[in-house]
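Paired with chain B in one complex and with chain C in the other, chain A is shared by the two complexes that follow.
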Partner chain A sequence: MSNTEPLAIKRVTPKNITDKELFYGHKACAGCGGSLAVRLALKVLGERTFSAFPAGCMAAVGFIYPQMAFKNNSIITTFPGVASMAAGIAAGAKALGLEDYKTVAFAGDGGTADIGFQALSGMIDRNDDVMYICYDNEAYMNTGIQKSGLTPYGTKTTTTPAGTNLPGSVTHKKNLFEIIAAHDIAYAATASIGYPQDFINKVNKAKHIKGTTFIHVYASCPTGWGTPTHTAVEIAKEAVDCGLFYLAEYEDGEFKLNKNPKEFASADEYLKKQGRFRHLTDEDIKLVTDQRDKKWERMRKQWL
Partner chain B sequence: MDNSIKPQKRDFVRPQHINDYPVGPQFEAGFLAETNAGWRTFRPVVDHDKCVYCLRCYIVCPDGTIFKDNDKINVDLDYCKGCGVCAHECPKDAISMVKEEL
Partner chain C sequence: MESKNIFLSGDEAVAHGVRLSRPHVIAAYPITPQTITVERLSEMVEAGELNAEYMHVESEHSAISATMGASAVGARTFTASSSQGLLYMTEGLHYASGGRYPIVMMNANRSVALPWSIYGDQRDSLSLLDSGWIQVYVEDAQEALDMTIQAFKIAEHADVLTPMMVNLDGFILTHTYEIVSVPAQEDVDAFLPPFETPNKMCFENPKNMAFSSQPDDNTEFKYQQNVGVLNSIEVLKQVNDEYAEKFGRDYFGMVEEYRCEDAEAVLVTLGSVTGTTRVVVDKMRAEGKKVGLLKIRYMRPFPEKEIMDLVSRVKNIGVIDKDISFGYEGTVYTNVNSAIAKTGLSIFTKNYVGGLGGRDITKAEIEEMFNELLTGKLKKEGEHVEFFNLKVSTDE
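What follows is the complex of A and B.
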């Protein structure tokens, strides 16, 4: 057999994915999207994975002494320090001469776009061999739903209440994916638990890349969003279908839109079925959709 | 279900002496000290005649409590929280959520 061709990455499917559950028995709320993202990613990465979790829901629900809901080697880190910890783990594993393993950091939107950003930026700059997955539930959930840099306009949180003076959050969602890409990272992607096969494919792709990789996965939170538990996957799909989130990749210096819908599903419907947006007026929603259209116009012009 | 395919709860032996505690902050991976069954008000019940084994439910379960069991899906009711995602996502309506009786 010739060895000159690079081995094609074997696709991971529901049929051939490992039967082993590596994140099991955790205490996340029923229907937690973040826990689905962690579960699927760990199944793709396998048992020989070091995973690091900063303060946040996934740390809180996974490590309740003496219970340890991870089957792989996992650790809680300081809130701002998951990227530093993961970079250290990767350096340690290399020094030990380990083979056939992966190091992954899982952090929330707050832990990534706000307080953990400096460590993350440094890690990408050094190109440490770590996969970083941000599960984005659009607020600081573990401490009771406070606004983060990834909370979208008009979201009702405990620090951005909606009332006669304010429509909830008055800032827009930070453009995290492009901020990460601007580091000229080897691989970055956005994903949604509403499109689980796409997410699995992206984790699998990043698994086979040495150096820092980044995946921003949209992950619903029934508790913080005011949505029924059974729609947890559906609502994360609808966010993409109505254009308020998007599926894209950045690779070899190029952006790629993975999904370019001819027509968006109704953003109004997506917003109104969530307690966090139910107060929005038609005017607020117009502001949200105008912003969306502007963003898509730019993405289509530059990335297609 | 063949119990070897799913993680099991284990009894926690309370440390008697400081020396019995693990050194450092770590604990044994995959150690489950209690079940989650009590969280549930509805349980998923699978109609195997309707199920086409597409594995959609298996992929989308946030708790990973759906197992492949000899080409049939099988729910671990010790850890299923009854969120209803599996039933809602099933393209064949093969899962119904049935109220738990006390």
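What follows is the complex of A and C.
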């Protein structure tokens, strides 16, 4: 777990986290991991926050006129432009002399790793004072479950159907976290809504860093994954426990593994309980776990 | 403080207009022939002459997105682009006008690929007439500076709150040096007050902006957006008059008529070709020929009333278009004809398409257009749209 916050930062814990909801009354599906990530992050960031969302699930469920779901200043951006629009907000606020506020961009995996990537890369390059949180549910869910650059191998989506010829998605998940770190960003982290305290700690740490920070949070989507809504948090935890996702940080030019399990929980079990992976053969699963093991071998060698 | 006469290109004149308007945020991406504007602005920021956040965005899409973000917290914003870059912004152009963010943009009018061409025509901005931006076209570097300052005042007016594009012809204006009168800062400050808007995110009254609407509401938002642009007709005239009074330069609002009294043939122009046409009008008038010129300044809002009024006084009208809507005619011509049709008068009109991809439009060609218009008859039967100075055979 991440325990690297400087002592000066007050920890946000289940005991002292605010009861105030900043994201409330929206129309997200039951068990939506993305909206949980947004809700928790905004509790940590507080009311003096500008939040920006590209066209996507959170935009679609939170801003239906006249029912606005954000209590803090929030805006829908162009799909490719969440980073640049958030950067513009930060620049405008700075030029106007505003004080004591945070600007945050929230986007899904497609909005981050695909269509929004250029603007995100530009923002990190400029080191604009924006926190960027990517809630990763591993496909374009708002349009109805299509493959994105963060869709893992073997995922059944509506554009990567699993049949007799193809096992679903045949590409592997982009290594987003390390691509972001390669910009030499001040702070980047991965997190999971299955480990909420770790996620909260990381948001809290990024909140106190000036310049661009990035958090990649694994966020389940029962609708797109074919899982029961009441297991949304559990399954996001299992993804970490079976090693198919990982908790890490990049800070001051160094990678750090926050959780290094001696033994992985069963990936087979994690995959088989999801509609999107149920079709996978033993061979497919071996391919997935081999990839996992290779990645972990490298991470352990380089980051520990 | 006195104004200063400085030898400036059109691009540089715009940069001075921006500096004098004191924007909070500038976000722009370089593209020929706009580049000099953003280079000069960067130098002004470096030198401390302009206290703005200059954002080195990685694309035009980000330039428009960033300026929208800044505008959404109440900052005065500027961007600049051209051609391919302007088209790359297209999504953001509609977004900005729908969000009622009064961003000011300079567009260096340039041809659009394919074929590639860095040279001027007006296809880029004319293809975006429906994007909801106010569009003004200028004739020279002085007007470019003056309209940059006026643009902030028009766009930011509470009854308008609509972004505005100041268009100047690539190279012919952007790269040509002229003596430009640059006003004193204190005079511009007195003319252009700081930007105030209720349409912003702030902590006293948090807002959710740029939301989605359902079929029950969407038409009403679009109606109000249309009203905003229509409101600019009065506002831009007031701003023109106030500017004329303060700085001594009057551009007459939506259009400028030049020697149209009792004219038998009038050419409608947009942008820098106006200057060439003025010279031809003077020559032909001296020869006793009744010709005149209508300089369209604003394509949106469109000077419908002004054109309808002119039609009642003149005979034959030609329109020069640095653009062709393939399969039909030049877009300026379509718009002019639509206004004429509403008068119910039967007027002879012809469309001259040229100046594409930077080709010069010569005085001799303009004189030939006037001579045809004076006859009130098409040179070639049925040819209302002519690509003039065409070097391929049209008979094959």
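Observations
Convention: the second predicted complex is superposed on the first by the 297 of 304 C-alpha atoms of A that agree within 3 Å, B and C clash if a C-alpha of one lies under 4 Å from a C-alpha of the other, contacts with A are read in each partner's own complex, and residues count from 1 in each chain.
Note that a residue touches a chain if its C-beta (ideal position, glycine included) is under 8 Å from a C-beta of that chain, and two chains touch if they have at least 3 such contacts.
Computed from a predicted model, the values in this text were never measured in an experiment.
Applying the stated contact rule after C-alpha superposition, one finds that A:Ala95 touches chain C and leaves chain B untouched. Of the two partner chains placed by the overlay, only chain B lies in contact with A:Lys27; chain C stays clear of it.
Judged by the touch definition given at the top, the superposed model places A:Ala60 against chain C, while chain B stays out of reach.
When the shared chain is aligned, no partner comes close enough to touch A:Leu257: not chain B, not chain C. Contacts of A:Gln118 after superposition on the shared chain: chain C is touched, whereas chain B is not. Of the two partner chains placed around the shared chain by superposition, neither chain B nor chain C is touched by A:Ala265.
Of the two partner chains, chain B and chain C are each touched by A:Ala69.
Applying the stated contact rule after C-alpha superposition, one finds that A:Ile179 touches neither chain B nor chain C. In the superposition on the C-alpha atoms of chain A, the part of chain A touched by chain B in one complex and by chain C in the other spans residues 63, 65-66, 68-76. Interface residues of chain C facing chain A in the complex, by the touch rule stated above, are 24-25, 27, 52-53, 55-59, 61-75, 77, 91-92, 95, 201-203, 206-214, 217.
Considering their complex, residues 14-15, 17, 19, 21, 23-28, 30-33, 35-36, 39-40, 63, 65-76, 193, 196-197, 222, 228-234 of chain A touch chain B.
By the touch criterion stated above, chain B contacts chain A in their complex at residues 5-7, 9, 12, 25-36, 39-40, 54-56, 58-65, 67-68, 79, 81-85, 87-89, 97.
Residue ranges of chain A in contact with chain C, taken from their complex: 47-48, 50, 52, 59-60, 62-66, 68-78, 80-81, 83-96, 98, 101, 118-119, 121-122, 125-126, 128.
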